[in-house]
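Shared between the two complexes below is subunit A, which has subunit B as its partner in the first and subunit C in the second.
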Partner chain A sequence: MSSKSTIYSFLILGLAVTLLLIVAPVVYAISLSFYRMDSFVGTPEWAGLDNYARVLSQWEFWRALINGFVYSLGTIVFQVVLGIGFALVLNQVFPGRNLVRGLSILPYLLPTVVVVLTFKWMVDGSIGVLTNVIAALGLPPVYWFESPGAAMASVILVSVWMWTPFVTTTFLAALQTVPTSLYEAAKVDGTTAIQRFFHITLPMLKPILTVIVLLRAVWMFNKFDVIWLLTQGGPVGSTEHLAILSYRTAFSLFDIGGGAAIATISFAILSVAVFIYFRMFPLDTE
Partner chain B sequence: MAQVSLKQVRKAYGGTVAVHGVDLEIGDGEFVVFLGPSGCGKSTTLRMIAGLEEITSGTIEIGGRDVTRLEPKDRNIAMVFQNYALYPHKTIYENLAFGLRMRKMERDEIDRRVKAASVMLGLDPYLERKPKQLSGGQMQRVALGRALVRNPEVFLLDEPLSNLDAKLRVRMREEIARLHQEVGTSMVYVTHDQVEAMTLANRIVIMKDGYVQQVGAPLEVYDRPANLFVASFVGSPEMNLVEGRVEAGAFRSGGLTIPLPEGVQAAEGTDIVLGVRPEHISVGEGPHALPFDIAVIEQLGAQTLCIGQVAGVRLRVLMERTDAVRNGSALPVSFRPEGLHLFIKQSGARLDTRRSPVGQ
Partner chain C sequence: MVRSLPGRLALYIAALVIAVYSAFPIYWMVLSSLRAPDVLLTSTSLIPGPFTTEYYWNLLELTDYPTQFVNSVIVAAVTVVVTMVFSVMIAYAVTRHRVPGKRLIIGAMLYAYMFPPLLIAIPMFSIFAKLGLGDTLASVIVSHLTLTLPLGVWFLWGFFKSMPFELEEAAMVDGCTRLGAFLRVVLPLSLPGLITVAIFSFLLSWTDYTYALIMIGSDANKTVPVGLASMIGSFDLRWGEIMAGSTLIALPLFGAFALLSQYFIQGLGAGAVKG
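And then the complex of A and B:
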């Protein structure tokens, strides 16, 4: 039948594109991790698991792994908590609500470079708005990019600033699906607003929250541009996570096999984490 | 158990008034039904009693206590919602227990009350299930149970049966009536279904466009509808309403002339609507019988509903089951004076006939 063959031809086309654009580069990157290479033009030399052994024995790798967890955990917790908080506020009836709802998505729409430059300008040592506010409050100056702790705080702050609107918007939309009569029944049952949040809102929105957290976690774990633009992993590697270490290893130290090995390990860790996550929070139950 | 008292209770949404000053005294243990078409303000009134809707003006008292500014949880009421509003991720047991847990009741007492209510409502076997796993009728029972365990001063029910199919609706109706007899708590019940209202209520409050039209026992409302709206809304099949005017001391419409019942005062030439229920037109020969030309016959089983004309006026007549009637045939019918209702056309108000009710 012609309709069937049409369907198959689309299917094959789709598979081919997927293979070419997604599977092939991944396979290629993974295969690189088994070779010794110091440039992309030379002939690769089989190295077996040497790259992995070397990478795993470097303490920079473990530091980057821990930094990655700190960064993604920190950004996710703040994004989700703040995002839900804003969504609950924006769900109330107040004058100008639609305008505020519209404006709240803005940081998400801005290019990363713009957000990063804005932040850098805000914390500039002499003219920065934040710098001056901190000075006016009589607090000691913050060395945003110079001290390791502050640098990590900076990248988390900027990331949370950028991606909280995503959580807010998604959660706000999901809030509209909860029947108001449930809240009314709970009011009659004697609950406080906080109890209603934990007994109704949260359980009702658990499936959507599961997906939000997962998406954010994957994105944050692989996030490259914000950190690269803000600190390039510094100072002294305090904000360097696996993606940046992999990049630096491959393109600054010209250890392409090592960089690929780091990327492959990162990919494996993420896959295992997602698997465990779905075991802990299955999507199909209430 | 308690009295509920509404004094000039009003609700406006911006410029539009949903409920105009309602005054109502609901007695201890009474079953009061708000009846009216969709949008007439029944739910709004009920929700104001519950405290789910702010009151624009007026006061509400429950058990002699002014609750006008109190939160729903402090009014000692329980509410049953049209869509049940069960907590989907809690078990039936937890649904029933939730309101008690939130009130920090002893675990044993909660368990005792939940068990008692679930036995009463036949929910015993389902306590560990989630609402999704129940049928509509069972979910409605859980909603009733959730109200029951609280042992409130007043039950408020907003169209609790309208999501059920017709058969189940009748069963649940009986169950609610039984429940009311057993617990004896005051109930305020909202419905647009006049059969529900007639069968359940001690008193019916009929509303239209935010105004109370009439308050009375079901048969009072049936026997003496206060105005045209109540006359047409209560009773099934609907009351025949015939427009005409007072001429020479009689009601006249087209070729139909009916002497005004004794005691009715109406000025000559007044535009009048005559109401007569289909079941109050008698069939059979008599001194004032008129021929009824039958056009449509509806067999209802025990009764036969005929639609046709008397002297050019369209009427419905409900009679004992009659197998012999045919389309186009004619039967002699007469109007019993005690079955006649007269309303002023312009205002819709009833013209009093000072008679004893039909059936006495």
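And then the complex of A and C:
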């Protein structure tokens, strides 16, 4: 086989796989959003923009959209602040540093199911260890999933615990790239550690921080499993975001066109974020 | 850096807080899975014991857990192998030749990173149902590939870009074919990259709940995350067994991390990440 034909056969294979696994499902999903279909094996019926009109006229849709923004924003703020804080601590020299660094990554490795089940066990009614800690501190009992506000807070808390390590680890790696001479010079000038963080570390790491926030924003907006497992979108829809609404619409109400329309709308919203990403970090394919 | 005593104390306390915050739930999960049933629901002692292994035996003998564990192993293993084979070929072709369609592949791969899960799951479920392949492990594997392939191509693309072309050219001057140079020179040198891709594909596939929930209906075909989650729906909550099941899914991940943490951290830094 000649050099060119090897490369081309690899490439054709690549294109075929991309088309089959990525392009085709998306095209199919978008096209389903223009059809009426009440069974996954049924024949789709052309519906034009009906699905969109119906979805957009439901207030559940707007609630889900707002919930999605609240959830993503809440989780991102805490992840980034905590992650940066952890990274700054773990960047210092102290005995056992490698052990603490390793431990700080563990939550990220766990399957969502494990995290959710363990959390539910820890806060269980009267027997959970956290329930007992809260009682021992003399605090009023917390009803984690009962009220809309508490449910959203619980969902955010668990998500932050799981995904902070991503920020910690990437930020910690980025910290190594800041030349120490900058800090030395600033120290000679009599600056405080806080001043050095805001005037050297943060500006130097702004690009990596932008990537982290953008990627995390997209992923948190897409997150399905953690909310579904914790609250199934409840109570009374207070934690239901677009992914859950889309799942419920397609797989419980069997309004497949409607579910596809919601997924397509989320896709359009995310495409804005992806567009910004590509503008800021153009693909360097050469 | 020389620090004052209060400064050092604050640092140690902060480090301790991070360690406890990150590890305590995991410690509590393992401890609960081994605590004897008569005290499990009453004791909040942080010291492990009294010990029992009965939850593990119940799980293995009385539930679908072993079958589901095997399902998870099959799904993750096939996903990892297919991802590695295809992503290495695609990434290699894309970096080594000026060809049309290259931007489409790389752009689509990065884009696919950010797809809403339902955008893939709804059409996939429908396609597999129509093909008569609904509720099969194959459908779960294919849906996992939509996550892991983009990740593999994206990561290896970055990896191959930084590998000098002269390496294969030298081998080809010495009489190797392109394929020979690829297999004998490029592949062995990309081992660290391949390991990273394998780790992250495994992690994505092994921990996935969303796609398996949608694709699988029957208990016998469930993967462990979905099987375990359905235990919490049943009317008597068997916390001991649930924590034992959780520990068993988490163990392979911790084992792999302990052995391969440098690849894992390198992958996180280079953008080979799970959402």
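Methods note: the second predicted complex is superposed on the first by the 272 of 286 C-alpha atoms of A that agree within 3 Å, B and C clash if a C-alpha of one lies under 4 Å from a C-alpha of the other, contacts with A are read in each partner's own complex, and residues count from 1 in each chain.
Going forward, a contact is a pair of C-beta atoms (placed from the backbone, for glycine too) under 8 Å apart; a residue touches a chain by one contact, two chains touch by 3 or more.
Just so it is clear, the structure is predicted and the values come from calculations on it, not from any experiment.
Judged by the touch definition given at the top, the superposed model places A:Ala268 against neither subunit B nor subunit C.
When both complexes are overlaid on chain A, the residue A:Gln195 reaches subunit B alone and has no touch with subunit C.
By the touch criterion defined above, A:Ala185 reaches subunit B but does not reach subunit C.
Set against each other, subunit B and subunit C differ in how many residues of subunit A they touch, and the higher count belongs to C. Shared-chain residue A:Met204: touches subunit B; no touch with subunit C. Subunit A uses no single residue to touch subunit B in one structure and subunit C in the other. Against subunit A, in their complex, subunit C makes its touches with residues 1, 8, 11-12, 14-15, 18-19, 21-23, 25-26, 28-29, 32, 41-42, 44, 86, 89-90, 92-94, 96-97, 99, 101-127, 129-130, 134, 142, 145-146, 149-150, 153, 172, 177-179, 182, 203, 206-210, 213-214, 225-226, 228-229, 232, 237, 239, 242-243, 246, 249-250, 253-254, 257, 261, 264-265, 268-269, 273, 275. Per the touch definition, subunit A reaches subunit B in the complex via residues 179, 181-182, 184-191, 195, 199-200, 203-204, 206, 286.
Residues of subunit A touching subunit C in their complex: 1-4, 6-8, 10-11, 13-15, 17-18, 21-26, 28-29, 32, 40-41, 86, 89-90, 92-94, 96-97, 99-100, 102-107, 109-122, 124, 127, 129, 132-133, 161, 165-166, 169-170, 173, 215, 218-219, 221-225, 228-229, 242-243, 246-247, 250-251, 256, 259-260, 262-264, 266-267, 270, 273-274, 278, 283, 285. In the complex of the two chains, the subunit B residues touching subunit A come out as 50-52, 71-73, 77-79, 81-83, 85-89, 98-99, 102-103, 130, 132, 146.
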